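The same chain A turns up in both complexes below, where it pairs with chain B and then with chain C.
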Partner chain A sequence: MSVDLDRRKFLWDSAALAGIALAPGITLYDLAQGRAPEIPAPKGVRWGLLVDMNRCEPGCDACVTACDSENGLPGGKRPTDAQWIRKIELKDVRGRVRSLPMMCQHCAHPPCVDVCPTGASFKRADGIVLVDRHTCIGCRYCMMACPYGARSFVHEPVTDQKPEVPRGKGCVESCTLCVHRIDRDRIPACVEACATAGHKALLFGDLSDPQSEISQRIAAVATTQVRADLRLDPGVRYAGL
Partner chain B sequence: MKTEATPIPSRRFWALLAGGALIVLAGLVAARFMEEHGHVVTGMNNQIVWGTPHVFAIFLIVAASGVLNVASVGSVFGETAYKPQAPLSGLLCLALLAGGLTVLMLDLGRPERVIVAATHYNFTSVFAWNMFLYSGMAAIVAVYLWTLMERRMGRWSRAAGIAAFSWRIILTSGTGSIFAFLVARQAYGTAVLVPLFLAMSFAWGLAAFLVAQRVLYRWSGLELPAEIRARMHNLLGLFVVAMLFFVLIYHLTNAYFAKQLPFERFILRDGGVYPHLFWWGYVVAGSLVPLVLIWRPGAARAGGTLAAPLLVIVGAFALLYVFIIGGQAFPLDLFPGYATTSRFGDGQVRAYAPSLPEIALGLGGVGIAFLITLVGVRALDFLPQASPAAPRGAAGGAD
Partner chain C sequence: MGPASAGRRAAQLHRPPEGGPTWAALLTRLLTIAATALSAGAIAADMGAVTRVPLPRIEAGAGERCVEATAYMRRNHMEVLKHHRDETVRDGIRTTQHSLANCITCHAGRKTGRVTGSDGFCSSCHSYAGVALDCFECHADRPAPAMAATKP
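The block that comes next holds the complex of A and B.
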C-alpha cells in the first residue's frame, strides 16, 4: 500500500515540477508570439480596414514606406519589385485628384484562394488572406485571378529578411494585414504610420463586432467596396470615394 | 506509291537527335538560369505574370489534344483511311503534352516543388483539375496506343478511342476554363473561351499533325495518297473557319458591352504590337492565307501544301500572344470613371518584352516533343508498317 502512495506522490511531484519548468517558457512564448502557432485564429472575428479618402493625402506614402520597412520589402519601383500596398492617384472628370492606398482586400470570397492549385493561398478564420510559403509553387494563377493587382511575385533572391515575415524567391506574396502584429494585439504598420503622419486615414478593426469603431463608422458613413460588382465582400472599405 | 515505312537512315536520325537534344539542352539551361536568378531575368513582371513560356506551353497542350483527332476520326468515326495514321497521332499527343507540361513546370517559381502540386489539391482550382486531366490523358492515350499496336488488344481500340476522344474534349475544356474562370481581367472570364479552345485544338492539332506527318513520312520514305492529304487539308480549313467563328463571337460580344469597348479598342486597334499580331499574324497569315492555299483551285489535286499547316501554327502563336500577354497588358479597371496612376502601373498599359531565357525554355518544350516523336518513330512502329503477311524486306518495293 505504501508503495502505491509513493508512486502517486512521485507522479504529482513530477507534474508540478514539469509545470514549473514549462510555465515561464509558455509565458515567454506568449510575450514573444502572442498566439502559439498551433492555436487557430479566432472565429467570429473579421479583421478589416476602413480607408477615409477625405483624410488620405495625395503624395503621402507613409503607409507604403511603413509596409516596406515592417515586412522587409525592397521598396523598389521596378515592375518586378514586390509591392504589398501602393498609392493610387485618382483624377475625376473635373480634374480633382484623390488618393487612396490599394492592397490585398482580404475578400470573404477570395478568387486567389479559389484558383490556387495547391491550397497555398488560404483565408484564416479571422478573414486574413495569406499565402503558405511552404506549399506555394509559384504558378502565379492567383495573380491572374486577383482583380486588385494586389499580389507580387518574388522575382529575385531575398536577403535581409525579417524573421517574422519569411519571404522567398519564386513564391507569391501580398499584404498580410501585418498578421504577426495582429496576433500580438498590435495594429498593422500602415495604420500606425498613417496616424503618426497625422492623417488617420486608416482605421483597423473587427468588422464582425457591431460595437467596434470600424463597424460603427461603416454604419454611419457611406462606404464603397472596390469592384463591388464581383461580390467578393472585401474586408477593406473606402469612405469618400 | 509507298505506304510502308523504312527506318529513318542512321546518320540522319543521329543528326536530328543531336539537333533536338541541343534545343532541349538550351531550354534546360534557360530554366536553370531562371531558377538561379529568379524570374527577374525574364520579361515577366508583377503585371504581366504569364509570358512567352505560357504561349508555348498552352500551344503545345492545346495542340496535344487536337492532334489526337486523326486517331479519333479512324477509331471513333470509322474512317478507315485514317486508321494507319492513328499510332502517330497518339504518339504526337503524348509528345506535345510532355513538351507543354515541361515548359509549364519549369516556369514555376518553385519548380522543385512540383511534388507539392502532385500531393496537395485544392479542388476549387481549375489548375488542380487540369493536373488530373493531363495525367489522365497521358494514361488513356498510352492504353489507346497499346490497343492500336498490339493486335491481340485490337478489339478494344474503338472503346479506348472513344474514351480518349471524350477525355480530350474535357481536357481542352479544362484548358479553356483556366481563363474562362478568371473574373478579374477583361480579356477573360467568358464561357465562349471553352468552345474557342476546342476549335483551336482541332485546328492546331491537325496542323501540327500535318507538318509532322509530312516531314516524318519524307524521312521514312513514305508518301500519303494525295486524296487523303487533300481530305485532311480540307478538314484543316473547316477547323480554321470554326476557330475564326469563335474568335469573332468573342470579340463581338465584348464589343457589344460598353464596359468592354476600351479593351476591344486596345486589343484590335490601339494596342501597338497586339493589333498587329492579331490582324496580320492571326487573321491574315494564320487564317486567310492558309484557307486560300487549302481551297484554291487545283489545291485538292496537289494534295495540299506544307505552307498551310505551318502558317496555321504561326497564327496560333500570334493569337496566343495577343490573348495571354495582351490580355494582361490592358490595365485593370478598378475605378471606372477615373483616370488612375500609381508607381505600380495602374491605369497604364503594361510593358512586356520576351526575353531569351523564356524563348529558349519554350523552344525546349518543342524540342522535347520533337525528340519523343523522333525516337518513337525510329524505335517503335508508329508509322504505317507492312502487314504481317508481307515479307519485311518487301516494304521498299511497294512504290
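The block that comes next holds the complex of A and C.
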C-alpha cells in the first residue's frame, strides 16, 4: 500500500512541479486577455489594428473625435495642433471616394526609435511605439523619420490634461494605441467609437496570437501595410486599400 | 623728554580705572547680550511662525496615513515617483500605490481640488524649499473624477 501512496504522491508532486515550470510562460502568453497591474507588458503579444476600408464611412470622424476626447487633445485644425489620428479621403479617377484613418502604425522596426538621440522614443514589449516624455527633448528627429507623418509636436503650454494622458509643451507625441486602456484590458477609444457609430471598420487585437480575431481576419482576407516597401512591418493593416 | 618717558605716559593713558573692566571686555559683554537677545527673538519668531518667509501649508491628506511612512516620504518621494514612472511608461506596470495619480487623489486641496497653487500640497512646500516642480507641466494636478485612492 505504501508503495502506491508514494507513487501517487510522486505523481502529484511532478504535476505540481510541471505546473510551476510552465506557469510563467503560460501566464505571459495568456496576458493578452487581461493582466494584473503589477505585471509588465508581455513580450509574446503584438498589438495591432485592422482597418476595413469597405466599412470606413467617408465623412465620418468618430474615431478622430473619440481620440481627441480620450486623450485631451485640442482637436483643432491648425498645422500646429496635435493630431494623433486623422481621416484621409482617397479619390480615384472616376471620382469614387474612399476614406481611411491614418495614425501611428506601430512598426516592428520603427524609424522614430532608430533616430531618437535620447532613447525617449521606444517600442514597448507588446509592440506599442511610445514617447517617454520624461526623456524627450523635443528635437523632432522622429517626426522627420516617420514616413506616415504620424507624430505631432506640442507647441503651446497645455492645461487641464487628462490624468491618464499627461502631455505638455516641448515634447513629441503620437497615437499610443490608448496604452492606458490596453493596460486595463480595454480596447482603444477609436475602435470603440467606430463600433458605436455602427461601422465596425476598426478591429483591435493581438497579431502574434493565431487564434485572435484579427489574425484570423488577416489570414482570410487580403490586407495591405502602407508603404510595405520600407519593410518596417507596421502593426496597422488595411483591408480593401 | 626722551622716548622712554613718552612711552610711559601712553601706558598711563591706556590704563583702565582701578577695578573697572577694559573697553574691550565691555564691548564683548555688550555684543554677547545683544546676540543672546537676537537669538532668543529668532527662536520666539520660529515658534510663533512670524517669519518673512511664508511657511508651507501642509494640509493633511485624505485617509489615515500615507502609503509609506511620512518621514520617508518627505525625504524620498521623488525617488519613489521616479522609479514608478519608469516602470509605468516603459513596462506598463500600473500599480497605484506609488503612482503620482494616487498621491494627487489623497493630497488634492479640499477647497481647490488641486495639489498646485499657493496652498497646494506640492507647490507650497516646493516653493518654500526653492525646488522646481516640473511634474505638472504635463501631468494633471487634480484627481481623475472616479479615481479611488489605494490605501497603504
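The working rule: the second predicted complex is superposed on the first by the 202 of 241 C-alpha atoms of A that agree within 3 Å, B and C clash if a C-alpha of one lies under 4 Å from a C-alpha of the other, contacts with A are read in each partner's own complex, and residues count from 1 in each chain.
The definition used in the following text is that a contact is a pair of C-beta atoms (placed from the backbone, for glycine too) under 8 Å apart; a residue touches a chain by one contact, two chains touch by 3 or more.
Just so you know, these numbers come straight off a predicted model, no measurement behind them.
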Chain A as common anchor, with chain B and chain C clashing or fitting: fit
Chain B versus chain C as contact partner of A:T118, first or second or both or neither: first
Touched partner set for A:D126, first chain B, second chain C, both or neither: second
Which superposed partner A:P58 touches (first chain B, second chain C, both, neither): neither
Partner chain in contact with A:G198 - chain B first, chain C second, else both or neither: neither
Touching partner for A:K169 - first (chain B), second (chain C), both, neither: both
Chain B versus chain C as contact partner of A:Y141, first or second or both or neither: first
Residue contacts on chain A - larger count, chain B or chain C: B
Shortest CA-CA distance between chain B and chain C [superposed frame, angstrom]: 11
Footprint overlap on chain A, where chain B in one structure and chain C in the other make contact: 157, 169, 171
Of chain A, residues touching chain C in the complex: 37-41, 122, 124-126, 130, 132-134, 157-158, 160-164, 166-169, 171, 179-180, 182-184
Residues of chain C touching chain A in the complex: 85-87, 89-96, 101, 104, 137-140, 142-144, 147
Residues of chain B that touch chain A when the two form their complex: 35, 37-40, 45-47, 49-50, 108-111, 113-114, 116-117, 120-122, 124-128, 131, 178, 181-185, 188, 328, 332, 334-335, 337-346, 350-351
Chain B contact footprint on chain A (complex, rising order): 77-83, 86-93, 98, 102, 111, 113-120, 135-141, 143-149, 151-157, 169-172, 226-227, 230, 241
